[in-house]
Amino acid sequence: MTTRSNPAESTGARPERQPPGQDWSSWPIYDSASLGFRDHWYPVLWEEQVGRKPVPVTLLGERIALVRQDDRIHALHDRCPHRGVPLSLGRRQFPGTISCPYHGWTYDLTDGKLCGVLTDGPDSPIRGRVSVRTYPVEQRFGLIWVYVGDGEPHPLDDDLPEELRDNTFVLGGRTEIRKGNWRFAAENGFDEGHAKYLHNTALWRLFKVMPAWNKTKVVNRDKWIVRVQEEVHWEAEMPGLGLWTNKRWWKRMPLPDAPGKAKNVNPVIASLDLPGFVSIRLPGILRVAYPNFIHYEWYVPVDEDHVRYVQLMARFETGLKAQAFKLKYLAAVRWLFHGQFTAQDAWMVDVMDAPPEKLYRPDLSITAWRRLVERSSPKVQPTEALDNKR
Amino acid sequence: MTTRSNPAESTGARPERQPPGQDWSSWPIYDSASLGFRDHWYPVLWEEQVGRKPVPVTLLGERIALVRQDDRIHALHDRCPHRGVPLSLGRRQFPGTISCPYHGWTYDLTDGKLCGVLTDGPDSPIRGRVSVRTYPVEQRFGLIWVYVGDGEPHPLDDDLPEELRDNTFVLGGRTEIRKGNWRFAAENGFDEGHAKYLHNTALWRLFKVMPAWNKTKVVNRDKWIVRVQEEVHWEAEMPGLGLWTNKRWWKRMPLPDAPGKAKNVNPVIASLDLPGFVSIRLPGILRVAYPNFIHYEWYVPVDEDHVRYVQLMARFETGLKAQAFKLKYLAAVRWLFHGQFTAQDAWMVDVMDAPPEKLYRPDLSITAWRRLVERSSPKVQPTEALDNKR
Amino acid sequence: MTTRSNPAESTGARPERQPPGQDWSSWPIYDSASLGFRDHWYPVLWEEQVGRKPVPVTLLGERIALVRQDDRIHALHDRCPHRGVPLSLGRRQFPGTISCPYHGWTYDLTDGKLCGVLTDGPDSPIRGRVSVRTYPVEQRFGLIWVYVGDGEPHPLDDDLPEELRDNTFVLGGRTEIRKGNWRFAAENGFDEGHAKYLHNTALWRLFKVMPAWNKTKVVNRDKWIVRVQEEVHWEAEMPGLGLWTNKRWWKRMPLPDAPGKAKNVNPVIASLDLPGFVSIRLPGILRVAYPNFIHYEWYVPVDEDHVRYVQLMARFETGLKAQAFKLKYLAAVRWLFHGQFTAQDAWMVDVMDAPPEKLYRPDLSITAWRRLVERSSPKVQPTEALDNKR
């Protein structure tokens, strides 16, 4: 199997014969980014999860209260500056505001300004002189997106896969908090090696063969890096051990790994002209493109030991086909793929414990991702940002 | 509304227009007193809670075993000096003593001396050469009071509200351990601001209006400081928000805030001549005086994150009136006031998280309390006093 | 009561009149040995507890996966060097190997070598270049013994009580993990003082008197030290307290404490010629010899706060007598002695909290044990050996 990738785009040499060092000192930005990167938009909850009652979330270590006013969701630092009581425990005393439950300090949802201090009267001297930090919020695809960063945010579109900007599609999805640092989740997502072994027991693959092993390279595509198969092996005679294969009489062979090569490719997906079916980009977005749908994962840092795992599946269709996909998603995909299959990933992300580590040939996908982070020089969220009470 | 307080007694200027600094460095003694103050008497349990079996408590970080011998309660450091086993796990082998369950080291309850070492015979050389620390204990109002301090204790009376010394009264009360540092509990107790907002949903206030906001000052009264209302506002038109009031058609207006001003004041309470109904003193005693009864709270430090919350309610009557009060206490006050009402306080004391903080006008009550601590120069319990196992 | 011990063998002077210092600085090796000693064999589980599925254990702070292949048990460091996933979560993909569940790194059970990397093909460059640490394993008495140490292990026999090497016997036993450091468990085992008090409520002693107090010395016997009674007192008039005794009308007096002095002594036990019935040796083995059976305890360090407590009881008989013992063990000894009796010890080992400590006359048994450790100069397991995830 060959590849369409432009060699000049390649992230570099073939995997080293010598495994790289055991720690992460070669990737200093990445090494320090246990809380992720500022100046990005992150999906956190579904719109319908936030009603009149405020909802607390933690994002990149920061405690945030999400509050709905009519059709808009607002995000404020979840700490009243007065005595540190979480605003998410507060009351909706007046429209467009939230009041701390303790002394009725009342904040404007749009700018976080202290617009009324109920227990200190209309002439309260502190009114207007205190505010809580607010966060830019967008609502898109039924999800709430929060910008954690400094200064004016760039458009949400800049942090979305480009095919989700102007096309029509239907979505299914799931969001949950999982144990483990977000980087383990991201590395697991783009990891070339594990699926063939860890997931060969997944129901999702019950009727589809997975390769025994591959030779892979990684190429650049705009903001993304893409895993490209150079060789795919369906069985291997392992010296001293025996035959290693996923082939079974009841399993059929999967489609080509570059989605554009299949027949009947969805035109939106074909237009992406992807040399391989798995790609990743900052601040931690995975795209797995099949000929007729795309699966996405966002690895949203919560704190150093938890990641918000947002899975979306998009089908670029309308009408009956879109409805059929929705039905299929709810009936099967949600449970088999976004459920049992990725629960195997969650298990590994939880028990993983690196560095130290010893990398092997397929881990060139992981090191390519780390190098992408280094050369992108994103703004690291400092660990001091971690709010001490969650 | 004006006040009877002597201006010379006032704790000082009107509240600053500028909020004070955000940390507690202006109150260095207070800032370091996370375990409270030595050389004071503290209420810990009801007498009937300690029977023949020793009971462990933690007080100002020190682990203490309470042991009953006939009608007297004794308090010993809850750690056998031999191998560190808690004496509260021990046996009552011989009258007037407690024996460590491990090797039968036997201590005299009155002075803590090792008066017998069962497993080392009558001539044990270590007998009489080791002792455990004992704590002075008093029994008053059905409560067990323990003195944590050095040298001879002052009389318990010195640490009691003066009206509880020579008068006749009936009591109802509750004691429990709550989350949060004792200082948050004390500040919450004397806090001018929060009741009007936090407690306006309390059943206890279902039929009584609370003010919308007040102007307050704080004056000195012997060992106490007293909150005095200079203005009481029952409703306020908050700019940009709307009307803020607690008035409802079914609620009646409360009595004047200075208990002496009401009609039919109980003579004992009238004799206190209090300029306001809420006062506080060291080492952390709150007094809320109504015309016919007084509610007290003791904020007894357990460790840095827990406070023993002792609530008493006293009515200075005898005979039928006293019996009626007891009934009323058990039927209503215990559940509505000492229960649901102060559970709202417990909630805030738990979630509070300061410093940093930004104080507002009504917080002059809190800063007056902190200043009272500073100028009283109490002996701070060092954090090293914290016994590592509880 | 006198003793047969040779004074030249004694561990030294009679107990000091002055209690020794309160910390452990006199025993620096012991003081640093919170994780025990390397270069020894330790019992961990019963053979039948390890089947085809790997079993994780922690030993001296090291995480170990036990894996069965046919009749043999193998022990490997429970961490795949690739990304730190526990091998005990792995699959038995090929005979004689274990495969990490994540990427199928496959290790030879006998030498820990990476003998196959399923997801990297037959020519994986890393194959044979990585290995996981393996531990020598022996199976004896139905137990799995693991050697934690460096270099070639000495024979398991060297770490067994000598009478268990060449004689025939039947065994009953129990193994469990208990709270508390292994040194507290060992000290509790050889402790002269506590049994007379702590255990005088044990059902096991319901019909047997225990002494009130003893005078004891400690003598050396090869690798062991032995507690020898110089005086045994069955009752004592404690000054100021009263009579202290375990005698009751329904209890019978026990056998002489030196097992060789009883009538009808089992010949194997008689041949040990023990001057007292309790002895201890490195790395933490207790032997309690009765005329007809011997009870053993191994205090196997797990981590700094947990000890694997292995109790064995041996009767040196064959045929019907052996069968009768097995029945008696299952019907009574297991519940009364290895159960309720030593559960009292477990309770104390858990709540013990030393240093600081103040030792008394009978603690010469404990200090003799600590001195035995010092003069044996065992290799201390460094606390850095503690694997951070268990």
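Note that the chains are named A, B and C in the order they appear, and that numbering of residues resets to 1 at the start of each chain.
Operating definition for what follows: a residue touches a chain if its C-beta (ideal position, glycine included) is under 8 Å from a C-beta of that chain, and two chains touch if they have at least 3 such contacts.
Just so we're clear, the structure is a prediction, and the values are computed from it rather than from any experiment.
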item: Touch-based graph of the chains, sorted into line, ring, star, complete or other; value: complete
item: Interface numbering overlap (same over half, different under half) for chain A and chain B; value: different
item: Geometric centre distance via CA averages, chain B-chain A, whole Å; value: 50
item: Multi-chain contact residues (two or more partners), chain C; value: none
item: Chain A contact footprint on chain B (complex, rising order); value: 17, 19, 193-194, 196-198, 212-213, 215, 233, 236-242, 244, 348, 351-354, 356-362
item: Chain C partner contacts - residues on chain B that touch it in the complex; value: 79, 81-86, 89, 93-94, 97, 99, 101-106, 115-122, 124-126, 129-130, 388-389
